[in-house]
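If you scroll down you'll find the structure; I have some questions about it.
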Amino acid sequence: MQELINRAKELLADGTVARVLGYKAGDLPYNPEPAYFESAEELKDFVYNGFCGANLSKYMIEASKLEGKTMVFLKPCDTYSFNQLLKEHRVDRDKAYIVGVGCKGKLDIEKVKKQGIKGIQSIKGADITDDAQILTIQTIYGEKTCSYGDAMLERCHVCKGKEHRIFDEQIGESKETKDAERFAEVERIEAMSPEEKFAYFRSELSKCIRCNACRNACPACSCRKCVFDSNKFDSSQKANVDSFEEKMFHIIRAFHVAGRCTDCGECSRVCPQGIPLHLFNRKFIKDIDELYGEYQAGADTDSTAPLTDYTFEDAEPSIVGKRG
Amino acid sequence: MSLENKEFKPKIVAFCCNWCSYAGADLAGSSRLTYPADVKIIRVPCSCRVNPMFILRAFEKGADGVIMCGCHPGDCHYSTGNYYARRRMTLLFSMLDYIGVENGRTRVEWVSAAEGVKFSETMNSFVEKIYSLGENVRLGDLRCKS
Amino acid sequence: MYKIAKENLSALFQLIAETRELYLPVKTAGQTNFAAWSKDAEVDLDTLKTVKSAKDAFFPQSEGLYTVKKEGKKMSIEPERLKEQEFVVFGMKACDVRGMEVLDNVFLSEPVDTFYEARRAHGTIVAMACHEPEETCFCKVFGVDAASPASDVAVWNVGEALYWKAQSEKGEALTEAVKELLTEADEDGAAAVEAEKDAIHKIVEKLPYMSLSLEGWNGDALSEKFDSPVWEELYKPCLACGTCTFVCPTCQCYDIKDYTAGNTVSRYRCWDSCMYSDFTMMAHGNNRTSQMQRFRQRFMHKLVYYPANNDGMYSCTGCGRCVEKCPSALNIVKVVKAFQNQGGEK
């Protein structure tokens, strides 16, 4: 972490960047918030640890509108989002100085709490220089331990790889965290009967409170005015008054980002109700891979997206019923 | 066509492109070919105009089945519209299948202006399918049912 | 005071449900929220905080107001009926109960909200003392006692039993209705409850947010707080989602909307969030045009405007849900602290 701070100080001092976009220490051991730093003095609050899970590429949309360069710390998966935004002309490459930070997997405090650990006072083992094996947690109710892997976000278990897709320099080591198949859960659902599928999504989506956290945290959801916010259109619903609306919202949102979603997992991370929203996006990704050839959004900045492309031989929609 | 289920009158929405399928429907009409009155046609400039939201809206407002018809691939009035539509609908239908909406409720058929017979046959078979599936209860808004 | 063994709880719920509607924390797909009780529902009284607060039971996320029907050339308007059925909300916490007091001040003062009033009249609140408060809790800062909820019935969770104490007329009535399952608590029981209260108070003292000072936050601080440059820095991580407002026990803003379904139009209201760009949208446009203004609105309302109109009562209960759920780890505690620090530096 000190390395990141030192580098930030250097670049601020020599005027390469006007500000630094990173994380500020929170008031609990696990709640650092994304923040801008404009001076060496402000950097005293800088922090970068396992709980810095937010995808800062999303913030670069706003940062690109500011005067001067912004130094930003991106983990490998964030760089996919940055590439995708670059392709869509939503961020400015010249306004960004990208430090690719090594990643040993990001932590989900909800997963720690699900293990019955509460009254958390301090957490050891979450720093990026730690070996990411075990978390030692001091709580009001005594000391607890938790394996790092068990506390990791879902997305880290199916990590796309620790290679930064775009960067100006790299700092820090990474550690392989992939220990599950990316599409396993999607396949599990596909194998269900229509009744089971319906019941599964009904139960998950009935929790949706339409807070729009998934949309607002999503780097692919970068529309200035969302169709679900437009008061000139009856799609603007603030509550799921009927069970139809939760499906409408999530299907359309997933569809709008289909072919552009890098599978960064922010939607699932931020959902206050723990809805596995990535299962929608991943279904589209899986279908695209199977039907139109493997495609990873954000892997590059010049390929044609699957939904703005076609071939004469594309599968007919009737294939949906024919596949197993 | 078997119509044992007399109670159930399905509502079926057919999005037809202006240049081929709508003309195909016209031809079916002028050729006196029959298709069930349960099918309500909505004319769109091109199959590519059909936004996934249109399909969901149709279901919301009470449709039991939605079918989209356009020019045959390669024959699009705008050259390539239906190629894009094909990908979109494939993904959307796959998603609907994924969340447990019966797959038979959605269909895409390519119907040219000369295929009055195909239009009539397509609609007949689609309506029959919807009859066999029964009322759409998984993707509608209850407020529209009363 | 009465006592009921934990193993008899399902019998208790069944008995209550025979004469009244019953809402309690139910786990659905891994998350616990207040929901109607049924035999198959997975009741979860161990989770300290439901994701959404219990305000849904009195002020639902969406509720119908009236329906306009068209039949031929005739139009008819059917108002939504007010709540007439008695109901019980079981398992609220002291902070949620305070949340109801905050909502009462808004909805029960002139002009009275009849929908809310009816629900309040027919609802009985059974609240549980917080067995093991968590690090995100700061109810004591707002004068809420986690060990003694100010509800119709207060319940303490001690060992294998729950201790039950009616604290109002409605509470007495409910106690009467379920008396067959309750046994009179003896002196040991009373002592156990006192010990539990003490234990809770001791834990509360250890919580990290206990030292939070609200000094300077009151109705008189309006201009000083409103014009502060601190907001410009604070709001930046905010993604403008509505999570904080929707999980909050005291957020009370709503929007009124129409839904057209062919021959009927239903008018309903649903929660709105001051974080949304179309919040309080009017014909001329919007009052608050930047996210900074929207962000400021939320906290000014909780800590300045509301106390100014309600004898100094804050419209935050310290439940800590926003602390847990904000995607950007922002929350009301950070706001209060940011102002404190700024005061210190000057």
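A, B and C label the chains in the order they appear, each numbered from 1.
By definition in this document, contacts are C-beta pairs under 8 Å (C-beta built on N, C-alpha and C of every residue); 3 or more make two chains touch, one makes a residue touch a chain.
Being a predicted model, the structure only gives us computed values, none of them experimental.
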item: Selected interface, B-C versus A-B, where C-beta contact pairs are more numerous; value: A-B
item: Chain whose average C-alpha position is farthest from chain A's own; value: B
item: Where chain A and chain C are represented by their mean Cα positions, the distance between them in whole Å; value: 30
item: Approximate Å spacing (C-alpha centroids) for the pair chain A, chain B; value: 37
item: Rounded Å distance, chain B centre to chain C centre (Cα mean); value: 46
item: Two or more partner chains touched - positions in chain B; value: 141, 143
item: Residue list for chain C, restricted to those that touch at least two other chains; value: 259
item: Of all residues in chain A, the ones touching two or more other chains; value: 241
item: Residue ranges of chain C in contact with chain B within the complex; value: 259, 261-262, 264, 266
item: Chain B residues touching chain A - in the complex, by the definition given at the top; value: 52-53, 56, 59-60, 73-74, 80, 83-84, 86-104, 106-108, 138-143
item: In the complex with chain A, residue positions of chain C that touch it; value: 28-31, 33, 48, 51-52, 61-62, 132-136, 203, 206-209, 236-237, 239-243, 245-247, 255, 257, 259-260, 268, 270-273, 276-278, 281, 323, 325, 327-331, 333-334, 337
item: Residues of chain B that touch chain C when the two form their complex; value: 61-62, 141, 143-144, 146
item: In the complex, chain A residues that touch chain C; value: 26-28, 31-36, 54, 58-59, 118-121, 139-141, 203-204, 206-207, 209-213, 215-217, 225, 229, 231, 234, 236-241, 269-270, 272-275
